[in-house]
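Think of it as A, B, C and D in the order they're written, each chain with its own count starting at 1.
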């Protein structure tokens, strides 16, 4: 079938390629004509503006929007006048599911379908396929099924879940219609919330291993650090790249994130290329807000988010205040930075 | 080569089987003669007591101890008088690495080698192999290499870490000599600490999805729960078994623990067989203690542990105290249990 | 001066009494005529409905709304038609500051002033005075100054902050104009967020003391609990009422919440009257949402909130999932509830 | 009565002064003769070494040791040969309660009493008195009662706990015999654990207020920070010194730590003197270890500790790892430091 794609960044461009490889036709648009030209070379139909893009789509039009969350509103505003009842907009980016509900309400009033689609897979998606979490009305989602099927990884050679048999369920093919509008981005949002905590779990654990030698004589003694009571128990020099590697085989903590960790550590055991300022996107924040609003305890997920804020320097004033209080009651002067 | 195994519970018995399948000879002992008899049927050499066990081992003896952490001390006490310089004891259980250091010091004084080996793999280890994290002197660990290699999963068909090439490193075969005594159990300890947090990350995230319908009219309204400010945003009914399934393919959060979660949810989406009292073993506790002693921040790992304590009812008095304070300053009566 | 009070629950009624004691006139209204009648006996001017209430107020009218957050909208709707430019509505309840901004915008369009006032003090406020955190335009806040001054505790005999001298600052009298609309409830919101964490800090600490005897032979041995490695270090029987008492004098952790804790423990050391289901109000939730939205790490504040959710049973499914995973990989059966 | 004091740092010297003001005699020793000389001027009996110190004490000797935890062992070793059965050593510092149990066992074997005494009060103790938490045998603790009573704050004019009447209980005078050896330092340890969390609660809350203006146009826009979805809700400029001040009166969060916070903010609202590297002492660590060993959930207390580790830079490698993983799966380059 035919799909229109707006937004040809790494994600959008790769998805167009994966769709074309599967035999689908793609009409593409981006504010940067160079990216359009590049995909034209590979067989896509380019367009010069939103009007041109819509004109080149066959009806009912299916316009997949793959742009930063902050720009989605604007793109929908631009698309709307060119669309007719029965046409579809798919937001495949990282939008807040509450926005989906708002968008769907507004577009449904004009007979336009809205589908939200959370997309996981990153730079590996072109080859591995994208895990898709979809929200919207049944008809629209069904209509788009060939597109979703082509983007998704498929069943692959992953061992089947115990208890599943017969024909593959949609979920086993790597895409899932999760519910009405917003459900797709809701599930993707929580997926990313989990992702933050999984990442932090490995990071904390490997950091403990990194500290396993703090009792060694050759270890930098830092005047600010409380002296170890039993230095003999912290004499190790752990080989983190090999530890990440060994855990990839037969251990309970094996995962794709661990595979990536092993990649990173194999390339540079000291990770010198990274300063440790960890960005966060909206989805981690929204997951914690959903936990709070729905009354669900999620201390790990939220702490993982806060640790990122901390890495960005946002705990600074709080820490100054702690030092100030210590000075007030104990006359403790802050230790110098060594 | 030949290995002696003391402790024929699920782990020990399966390891003996895996070793024998690989062509190794096993002398086995357990306080329960039935388990000894069963392995004899499969080709192991049984023994009637520790003395008999040691007598049947060829020199240098290699005695693998696979018993609960609390019993290791006693078994070593029983073994010691029957061993000679050059013999080896391997503790393959879940011992505290500080105990390893103590054991090694004591046994080394008599010329007996001590090797600590953290073993991950659970009930799947017989077929998948065990991930082994090993601590001890080079000579002993090298001597035991054929045993470790047979127990470990091997390289398998897992995609190779980027940057690794040529012959497989030991770690790529699923076992690793991590350092001197205690290093094996230290790495295994942290492995389990990470495991707790990974598990909690999935549990918290899926619990948020479980709460995604708290705004629905059909949802049990609970007098004690603060009313939702925006119930329209919590109207979903999420299909958790299929969500776990779809995440197994192409998503960033795919992992072996997610595979198991998918198994559990496919079998019973409501998990009715489980009341929610989550046990913890020593290793989760020791990991957090190591974080504290070494000055490493590990809030997720420790919070995951505390959540287990909480599930065991250990927050009860703290919660009573919170209600009592609320009553004191606000006259708030505790809401009844519905 | 004259103030109108709508909502004569414990807070509203006590505030009217405190105002009248200070010589102010109060017009009062509540949907329950009995509460109106009671305050009439003490000198307040009662009213039968909102229209009557507004008619009895001299201009510019000052109507203080002291009702549950969920009802504020409705009361403002009812008040609005009876008010004129220059009149004032004060929301003294626990409203979300974002609602204040909305209310103010709407009322300002009609020339009506809106003032938000966070009020702390609980059942002790009548005698101790209320700590007031105020948001709104300068003119309205200045006009209401006599009311705020009467409700606030005043400077009292509290030791003066080092560096402050001369005439008392408003803040030293126990009330503060924090900024434009919403600022009052924002500060009160964070105040309550801090309150949750302070409470949890004491509760956790005293719960550790409660567990200081888990190694004693007479202590209930619980099959589900991991055995203590060093029971000799947990042989104490701590006298919590006296410990809370001794900390009230000269210690760094002395506070009003500790005073209340001492009260509660003196009355019943076992706190048998409380089951441990800890409610939460909106403000704790909003504080964490503000932390997340503004990128501020606040792990303790949010964890304190989640602990309350946990006490309400909302971690149940997450815990079932953890047990299910443990069963999957280790064949661990959940321990029975003893 | 007479007391010997070893260790004349700020704490020890002030305690000697408070004791002498109450009419007690003090024999003093410090490795720094200048501090001895200073207290001699005020009436203390100085000594030149440990032998001289012990010789000048009347029997049964009472030697209060007020030195860093790391030095206690050495001082006890030095004292022991000069003491006789019936003599007493009091450790008034910040020792680990497990050390007390060890010290007591060893000294009791020689008939020497050992008393552990946790001491809170900081630089204000001289005037306010010290809150004392005591562990040891009844006889020794009773013998020392006049000393404890003089050091403690006494009942003062603090409002009495509801339910307490008649003669003041020891706890109401500000000191408490908490139980056998170690009990005093155990209670003090938990006291400090609570202290960390109380401090962090204020720091986090005030930091949220500090961030209440992140939506303002004049606020430094930081390329690394996720853009606010609703900047209109973060337009405030909060006056932190006055907010801390107003909370001191009539609010639920009033406390001595808040008084100190008000002092610090009044002196310098920006806390420019402090860089934000927050030290931790052993007691915060031991409290969390006690929580873990006893199976008590204490997520706030431990997170407060970890936040301090974080402020010391110890999360660095974990954060680098998070950035490395993000780069691996998403090609995300770390944002530069602005």
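Throughout what follows, a residue touches a chain if its C-beta (ideal position, glycine included) is under 8 Å from a C-beta of that chain, and two chains touch if they have at least 3 such contacts.
Predicted model only: the values in this text are computed from it and were never measured.
J.: Among all other chains, pick the one whose mean CA position is farthest from the mean CA position of chain C.
T.: Relative to chain C, the chain with the farthest C-alpha centre is B.
J.: With chain centres taken as the means of their Cα atoms, state the distance from chain A to chain C in Å.
T.: The mean C-alpha positions of chain A and chain C differ by 37 Å.
J.: Between chain A and chain D, what distance separates the C-alpha centroids? Give it in angstrom.
T.: 43
J.: If you average the CA atoms of chain A and of chain B, how many Å lie between those two points?
T.: 29
J.: Could you tell me which residues belong to chain C and also touch two or more other chains?
T.: 122, 200, 202, 204, 206-207, 210-211, 225-226, 229, 252, 257, 263, 285, 291, 293, 295-299, 303, 307, 310, 312, 314-315, 318, 329
J.: Counting only chain pairs that touch, give me the topology of the graph as line, ring, star, complete or other.
T.: Topology of the interface graph: complete, with all chain pairs in contact.
J.: So in the complex, which bits of chain B are touching chain A?
T.: Residues 97-98, 101, 120-122, 124-125, 128-133, 152-156, 158-159, 161-164, 169-176, 178-180, 182-183, 186-187, 190-195, 197-198, 200-202, 204-212, 214, 225-226, 228-230, 232-239, 242-243, 245-259, 262-263, 266-267, 287, 290-291, 293-301, 303-304, 307 of chain B touch chain A in their complex.
J.: Tell me, which parts of chain D touch chain A in their complex?
T.: 10, 70, 96, 122-124, 199-200, 202-204, 206-207, 210-211, 224-227, 229, 257, 260-261, 263-265, 271, 273-282, 285, 299, 303, 307-308, 310-312, 314-332, 334-335, 337
J.: Note which residues of chain B are touching chain D in the complex, please.
T.: Within the complex, chain B touches chain D at residues 252, 285, 288-289, 291-293, 295-299, 302-303, 305-307, 309-310, 312, 314-315, 318, 329.
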